[in-house]
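A, B, C, D and E label the chains in the order they appear, each numbered from 1.
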Amino acid sequence: MSDAERDTPATPPAADQAPAEAVPNGLAPHELTPPASAAGTAARSALLLGTFTLIFTALMALTFEATREPIRASVEARRLELIAQVLPQGDYDNALLTDIVQLPTLPALGIAGPVTLHRARRGADPVALVFEAQAPDGYSGTIRLLIALRADGTLGGVRVVAHKETPGLGDYIDPAKDRAAPKWIAQFAGRDTAQADNWTVRKDGGDFAYMTGATISPRAVVRAAGRAVAAIAPAREALFGLPTGASAGEVFK
Amino acid sequence: MITALLVMAGLALVLGATLGAASVLFKTQGDPLVDKIDAILPQTQCGQCGYPGCKPYATAIAGGDADINQCPPGGDEGVRKLADLLGREYKPLNAEHGVEKPKSVALIDEATCIGCTLCIQACPVDAIVGAAKQMHTIVGDLCTGCELCVPPCPADCIDMVPVTETVESWKWRYPVFELKVQPATLPAKEAA
Amino acid sequence: MNLEERTAYGDIGRKGLWENNTALVQLLGLCPLLAVSNTLVNAVSLALATVLVMALASGAVAALRTLIPYEIRIPVFILIIAALVTCLDLAFNAWLHELYLVLGIFIPLIVTNCIVLARVEAFAAKNSPLAAAWDGAAMGVGLLWVLALLGGARELIGAGTLFSGIDMIIPGAQALKVLGDDYPGLLIAILPPGAFILLGLLIAARNAWVARAAAARPAAPHAPVDTASA
Amino acid sequence: MLNKLFSFNGGVKPDPNKSASTREPIARLALPPQLVIPLHQHIGGTPRPLVTVGSTVLGGQRIGAPDGNVSSAVHAPTSGRVVAIEPRPMPHASGLSSPAVVIEPDGLDTAIERELFDWHAAAPGEIRDFLRDAGVVGLGGAVFPSHLKLNPGKSGHTDTLVINGAECEPFITCDDMLMRAEPGNILRGALIMQRMLAAKQVLVALEDNKPEAAAALKSAARALGHASLEVVVVPTRYPAGGAKQLIRVLTGIEVPHGSRSTDFGVQCFNVATALAVWRALEHGEPLTRRIVTVTGNVERPRNFDVAIGTPISHLFAAAGLKPDTDKLIMGGPMMGIPLPNIDAPVVKATNCLLASSPTLFAPPEPELPCIRCGECARACPADLQPFELYWHSRARNFGRAQEYKLFDCIECGCCAYVCPSHIPLVDYYRYAKSEIWARERDKDAADSARERFEFRNWRADREKEEKAAKLAARNAAKPAVKPADGAAPAADVAPSAGEDPKKALIEAAMARARAQKEAVAAKNTDALTPAQQAQIDAAEERRKRASELSGSDAPVK
Amino acid sequence: MYNSPYLRQNTSVRRVMVTVLVAMLPAIAMQVWLFGIGLLLQIAIASATALACEAAMLSLRRRPVARALGDGSALVTAWLIAVCLPPLLPWWMIVIGTSFAIIIGKHLYGGLGQNPFNPAMLAYCVLIISFPALMSQWPGLQGSDAATQLNWVLGGERALDAVTGATPLDALRTGLLGNADVSAVMQSPAFGHVAGAGWEWVALAWGAGGLLLLALRIITWHIPAAFLGAMALVSGVAWLIDPSHYASPAFHLLAGGTMLGAFFIATDPVSGATTPRGKLIFAAGIALIAWLIRAFGAYPDGIAFAVLLLNICVPLIDIKTQPPVFGHKVEPPDGGAR
């Protein structure tokens, strides 16, 4: 009870205010304007609040300007770092983040709406395609994946970007939560994608490992990755050929 | 950036004007707190708190002029109730104002009373009857035990007699609880 | 600074760190406290941000207190706090981006942390800028040590490590595997229920401590220093 | 005819233990050397003593007059001498004393001349007064003055009169034996009551574990041949004899706490009360004796016909108290009260005296925490949640206890009887109830003190105002004098007097007071101007008058 | 000094608790017969831990240790914890769960009679949240010999793949997520007749123990009836709407912890509702939430979470369902004091 009361800032913590209904001690006393008229007080309040607002909004605006560039750099660095987990940064030398193609809505990717596909090149040679896909059938909801497909048809790697799997049970698909060594997700790296459509876990007759008692999450990841790769792999040469920023709708017709 | 500044300043002007006007238009009046405090005080009207009666003391507490631990007849329980009501920290009774005593009533030794009426004037609750040159009697049921009648008596004929238990006022005791439990007085609670 | 002032400052510090501790006594601002205390690094980072905001906001309000009319004090306080938090949020985003992503919404939420506004309203509005800044810092540090304890305990029990995620602040630094690689981890400690259970235990421990201390010296009521008028 | 019985929730079935005291018929107990007759034996005002120490009394003589209508008279059971009127220990759980008339019987047992009363011809109000003066109160244990209950109320009639012979507590058999001994007179008393209440039917109810009493009553009822009179046998279940539970069983009506059953068209009396009414009205006999069961840990358990005021030790001597007795109880084992003093007298409420030994009633096992199993709620005949009452009573959270209807608890003891944690639940309710009553007394006292204090302040203000007004009037009467005074001290207030007439008056009064003082102080100074002297004289004159007027200012020496 | 009533019924908390333990025996026997003796070892570990923790906490709190230990409540908690865990857990998990239940779940709230949450369910939730993988490994019906089971519980060897199987609820959930429909999942031989081979018999044994408790008046009919009724109703409605995605009421009644929950868990008087109407609401609420968790939640069975959720609501339920007091049956139950 008393805690709830204390939570309201209007009645501040008990110990150090002497009278409960503290009249403004140090605050500008309104006795200065003895018979306060509503209009007068309103005008004075409005002006003062306006002044304070201007000062502090200016402070915020200046900070915003000052941090704009560093923030942009940070966001970019973060994105590259994430991609580096499926495609080492040394493998390519182009501006990966700007070398993009818009994929149309593909059922195989599991994402409603267009998807941005990044293209990595070393000099003029195509190196890999990097794109996102989603597994809709995780144990508790969809699992977002980042996939790198190399130009030679092998898989660069798969990384779980976001998931809601049961902590301690199915969440080993996320390398940050996986206590095993090597990480479970590492078994995607370097795989040949020719049979990607049929990828599945060992329990279902495939050759992907899983942990006892938690089959659903790895099965979902493996199947989703396989489906996505199988859809993109045949079109990879065409995708590399498209101009930057183009829509890849024609390729998948 | 200029837009942001203008929007914020505009908002501030409107809000400031509203708040300023509201502070004048919706000023609250009256203080029901005094009555709530007065209801907790024991109404002995003894003045031990330093105020001429319970109501003035209640007003002083509400106004922040008096502390909550100045009422010996209200005792420890009274201080706790006041602390609860006001959300203040409990503190033990201030010994300067006296100590908690068992409830007693004044009794006039009728043989010695000279009928001076001084005690009648001192009694804050009209619990003494009598007239000039007549023997006075204290109505026991009305006496609050404030002791204000004792000092003025020139004949020293008023005694304070502790109230004894009768069959009617007898109370059943708190049952002996077998497992050691001391409810209600955890120091941690007071510190909070 | 004379002796009297010094005791007053000491009193402010003691209140903030122990007697009126935000997290253990006043139970204010528990939402971020419970949400981000899953690792030591997260907990300390958010707490440091809060300390900074509290000290600056209290100091700023105290410095401006004679200019602020009573009836618009709350919007002005909020404005000051919000401006400070916004700047801090932008700074985190720019220079501690990983941590910014982890702490997420909880940095902006410092604005609505009741403890900040509570101290500004209860203390800073009535005291000198120095005292107010000290009070804000003390209250913040009170929150900091509890958060650090809570975060450390949750991380240790839940994962057997300390300082995981330190690389977000000091690149290349490693987490300590205190309980070794084989420790299975009591996952509940890291999950939300663990925050409630451990905070409850901390509060209980403090109450037990206070009760014992009070029992040890029964008749020594220290004269309370009225910090409000210090 | 009553063809349907209802039921109440809860209740328990403890071992009745009634056979021991029903083997022998009721015995009339010889008079003790001293009778202690408490003046206050019933609910209501304490009677005033009508006798003085040293006076002689006759059997049936009134020794205590009822104090107001909610009270009842007290009588001497036999002839003798009043040796003391003083506080004596009472048969009460507190063991405290209360005023009593102590009579030494002279052994002659001379009765006072009975005033015979033609109740057939009397108005109901007269009958009620007669019963009040005959000291007839409820003998089932509540000792509520019976004349108050024999009033049909505003409606002028009652549906059902219940005569309660469902003596449900274990061990107690006084009503059982009385019903076996005097069934006819009980029923005659019931018919008188029926007439007074204008009741449509009379139900004499008793439990099915008293077949002899039931048979006796039934045959007596047949003999009387009243169609509206019926003997009803109800199932044995404690507390079926509680008035509210019995009314519920017979009529299906639930009388809530704080309401009178008359408002629901039902009135309930104990069988012994019915007999007492008949004796009072038919023979002019006041209530000076009653049947008391003496049982438990005694050699010869039985029922005694005892003069009220007989020391309890006398009864136990007659029944042969066993040496391992550890405790004496007045009443039954479920609701009885402990008797701290064996010399306390039998009063009108004493239905049973129970000697307890550790083997008969084992001391309770240590109290364990409540596990909220709900057994108590299932056993509660008042449909309460006893564990909640306990919870709040134990925490001294009396407001919440009252919200859970603490005062609907009849303290029947069913909850404590079934509690697997052995919690003395009823003790907590008794504690909470008496605390709440004490607080209410304190609060009423505080409220009245506040009122009187405020009235006194108001009166003081008024007196002050009146005095000021009087003085002002006097000032106004001699306006010319003041300026003429010249150097008189009153002159220095004149400049400020203009702005506020009231203020001016008060200040003038104060100034005069000052003047008086100075005048007194200056009394022996020499070299006064004539004007000053005149002023002083005037002041002295006023002072004298004032002190004569008020009287209260009289200097005390 | 003590006052009336001087007569006392021959009853005690200990007697109540021992009766509950006895009523658990049929189901324990059934589980041991079906899954091996691992459970007995678990009961022993849980009992020892519970008694040790109880004794330690009592002496820390300066209460009479022997008397409170003798009431048997710690043993009931220990046994309930042991029977709802998979029977091959490593010993330290049982120790963690049991000590959490006794120390934090019971004594930190004030000991017997004061705990707002069911201690056994607290232990279960702590364990399933902390160790979801281990908590979902149930031994297969074929069982294994005693020495192997001992080794699993006491030793570190945990190559369980060969012998463990999912519970029927788990299997159903996995199957449904794999886009199979209910009847296809049920075709699997492990499913027995209704709710999993063996599981049905365990559930029926719990039901038998529950009937014993009812017969001995340790519990009232309200909670089991409302629990099972609500479970049947809600699962039945869903099943009628879409039998390919929702299992039948018979399955839900006999699978997982339904019977155990209805007769032994939800009927815990300390943490449950106490008024008759309150008991109905309380138990129906548990059943509803448990079914929701089974059908849509992240864990295969939801009895434990549902019980804890409804435990929180008990004070509210009790206050709002106060039965009318004698003579006050026409008024609202909280219509003013006196």
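A few points about this structure:
To be clear about the criterion, a residue touches a chain if its C-beta (ideal position, glycine included) is under 8 Å from a C-beta of that chain, and two chains touch if they have at least 3 such contacts.
Since the model is a prediction, treat every value here as computed from it, not as a measurement.
If you take subunit C and subunit D together, the chains in touch with both are B, E.
Here the chain-to-chain distance from subunit A to subunit B, counted in touching steps, is 1.
Between the interfaces A-E and C-E, more contacting C-beta pairs are found at A-E.
Taking each chain's centre as the mean of its C-alpha atoms, the one that lies farthest from the centre of subunit D is A. Spacing of subunit A relative to subunit D, judged by their CA centroids, is 79 angstrom. Centroid to centroid, with C-alpha atoms defining each point, subunit B and subunit E lie 53 Å apart. Separating the CA-averaged centres of subunit B and subunit D is a span of 31 Å.
Counting partner chains per residue, subunit A has residues 15, 18, 41, 44-45, 48-49, 52-53, 57, 64, 167-168 touching two or more of them. Counting only residues that touch two or more partner chains, subunit E has 1, 64, 129-132. Among the residues of subunit B, those touching two or more other chains are numbered 12, 15-16, 19-20, 23, 179, 192. Those residues of subunit E whose C-beta lies close enough to touch subunit A in the complex are 129-133, 136-137, 160-161, 164, 166, 174, 177-179, 298-299.
Across the complex, subunit E is touched by residues 184-189, 191, 193, 197, 200-201, 204 of subunit C. Considering their complex, residues 12, 15-16, 19-20, 22-23, 91-92, 186-188, 191-192 of subunit B touch subunit C. Within the complex, the subunit E residues that touch subunit D are 1-9, 11-13, 15-16, 64, 67-68, 71, 73, 111-114, 220, 269-270, 274-275, 318, 322-329, 334, 337-338. Those residues of subunit A lying in contact with subunit C across their complex are 3, 6-10, 12-13, 15-18, 22, 24-30, 41, 44-45, 48-49, 52-53, 56-57, 59-60, 63-64, 67, 70-71, 74-75, 77-78, 167-168.
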